[in-house]
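Encoded as structure tokens, the structure appears first; notes follow it.
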Amino acid sequence: MRHSVIITPDHVIVDGNPLMHNEKGSVLLTELYRNHIGDYPKFFKMDTLSKLGFIASELLLNAEGNRSFEPREDRAVILFNRHASLQADTAYQATIQDPDNFFPSPAAFVYTLPNIVTGEIAIRNKYFGETSFIVIDDYDEKIIMENLKNAFQDPMTTSIIGGWVDCSDEEHFEAKIFLIEKEN
Amino acid sequence: MDELIYTLKQQIIEALNLEDMKPEDIDDNASLFGEGLGLDSIDALELIVMMEKNYGIKLKDPTQGKEIFKSVAVMADFIAKNRTK
Amino acid sequence: MIVCVAHNIISPLGVTSADNYAAVKSGRSALKRYDGLWGLPEPFVASLLDRDAYADDRQTIDEKIVIDSVSRALENTSVDVTSSRVLFIISTTKGNVFLLDKRANAFPQERVRLGMMAREVTRHFGNPNEPIVVSNACISGVCAQIEAMRYLESGAYDYVIVCGVDVQSAFIVSGFQSFKALSPDECKPFDANRQGLNLGDAAATIVFTKKDKVGDNEWVACRGAIRNDANHISGPSRTGEGSYRALKVALGDMEPEKLAFINAHGTATSYNDEMESIAIERAGLAGVPVNSLKGYYGHTMGAAGVLETIISMQAVDDHNILGTRGFDTLGVTHPLDVSNQNRATEKRAFIKLLSGFGGCNAALLMAKGGLR
């Protein structure tokens, strides 16, 4: 693994080094956005899972360096979690739960799929490569690594942003992602 | 009408999660889509929901949105004429 | 080579692949208009299973139809489903999401978790492995097949059981209604007067294995690819970017003339069908017959990729290009060869194409007897 990022409500670690921050929980995600990204207002439309994955990928790609945003098809984005899009699902359900206040929200509905976070990363970076999302009920590094290794069977894939990006509600989340190159 | 326009701007900002914007930042006549605020297709659908929720206006045909959402001023005018709430 | 050993479809059109194919061939569908169902204020058209027939306090309808479909698929095979050399891959977009409705109290909330739903299935069969759940929007069914191919190629398993499932609910229908994506009538894929999609329930299973030698009549999953538009999270790309790239990789060096048809996503929304016509043209495949099965089943989401692959295999076995139910007049920019009539073919390969929210697209090349 060339680079790695860990984000929990309390900690941010990039390539093994703790990143300074003042906030915790959902506010931490906003702080990280403002301090390390700042030029992507679409961030505020995202659900918590997408915010988490987006920020984790930005820190990962900043660690890689040489960010060009040139379109490429050889990098895959394959993420895993336990809760799929539960936070977004709960938020959307609230817009339809009460028959007397029934206003289904398209902006909320679009995030009720866990793979949307992979789409957000692809859009930001102009990645035309493979994007995928897998759900397993417990974090299992062996399953994750086996699956990511298999992804290199695609003849064009030379690197993968892969790993665990999970969120059960706005204050409970965890990301552990890697940038993996084919030679590894 | 000025009050409606101001309120409408606040509602747009809230409905579309335009976090770093204030009503003062939105020009009455600036286009909401394309060049102006750069809103997209999901934003347009969300504004349709917002109009029903806050003003009781049901838009049967989403393509009407193109005309109504030209600018905040045009939108406020439409709302003033069609609101049921 | 990755070979299809067995398959099954459970849908409102029947509980075997054969019954489903016969229904589709004769032009039938279970699409109906529902007014006031699930307390929804707007009517919608869908192909739904009889929920009372699956009512149970131990398993949800998703779990039941997956178990039923897998059981039926395994019936005439010698697969030992309790072996650690057998892997389950479930494909679903929303699983048991209807459990989020506060009024649905029959099951513990944890069953909303897709992994828990999948474990219900593997537990039933006594399979020791952690199930893999692919949840990649509407392309999940093809993704799951590509995952199966990879796991088998790696040698880690002898059999992979892929089951795609989704069941409609107020959650899903209202969501698509908020997108104004649903047609008030039966859908019309690729048609000039298309107004959007219909939705459907289904479960569909394919069992795969790896073989060195393959018979003339065995179906081989040759190549699959997933690519992203990198454009917008819900709107299709105006250049059909991801779809075109996935098609290109899946096609590889296979001559287009060898394809019996492309079974497209063909959801009958204004944007999707237009986008697919662009992608198919860009890939140099405009001369290949194109069809869509959404007019028979509606959009079955997580099940679609698996179900539509099975129906397509059966069509080729039957020397048939299935007509696109609902189609009358072509309504996309690039001329595609679409018909609402069944047509004869002697060709032995097809491509299954899908697109989904999140900008993802998938293409899968299937060939009877393998690539020759």
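Structural remarks
Lettered A, B and C in written order, each chain numbered from 1.
Please note the rule applied: a residue touches a chain if its C-beta (ideal position, glycine included) is under 8 Å from a C-beta of that chain, and two chains touch if they have at least 3 such contacts.
In this text, all values refer to a predicted model and were calculated from it rather than measured experimentally.
Ranked by C-beta contact pairs, the top pair of chains is A-C.
When chain centres are defined as mean Cα coordinates, B lies farthest from subunit C.
Centre-to-centre separation of subunit B and subunit C, using mean CA positions: 38 Å.
Computed from the mean C-alpha positions, the centre of subunit A lies at a distance of 31 Å from the centre of subunit B.
Centre to centre, using the average C-alpha position, subunit A and subunit C are separated by 26 Å. Counting partner chains per residue, subunit B shows two or more touched chains at residues 42, 45, 49.
Those residues of subunit C in touch with two or more other chains are numbered 178-179, 232-234.
Across the assembly, subunit A contributes 104-106, 110 as residues in contact with two or more other chains.
Touching subunit A in their complex are the following residues of subunit C: 39, 41, 93-95, 97, 100-102, 112-116, 118-119, 130-137, 143, 147, 149-151, 153-154, 156, 170-171, 174-179, 225-234, 241-242, 245, 249, 356-360. Of all residues in subunit A, those touching subunit C in their complex are 71, 73, 77, 82-84, 86, 89-90, 92-93, 96-97, 99, 102, 104-106, 109-110, 112-116, 118-120, 122-123, 125-138, 140, 143, 146-147, 149-151, 153-156. Across the complex, subunit C is touched by residues 40-42, 45, 49, 62 of subunit B. Within the complex formed with subunit B, the subunit A residues making contact are 41, 44-45, 103-107, 110. Every residue of subunit B that touches subunit A in the complex is listed here, in rising order: 15-20, 42-43, 45-46, 49, 52-53.
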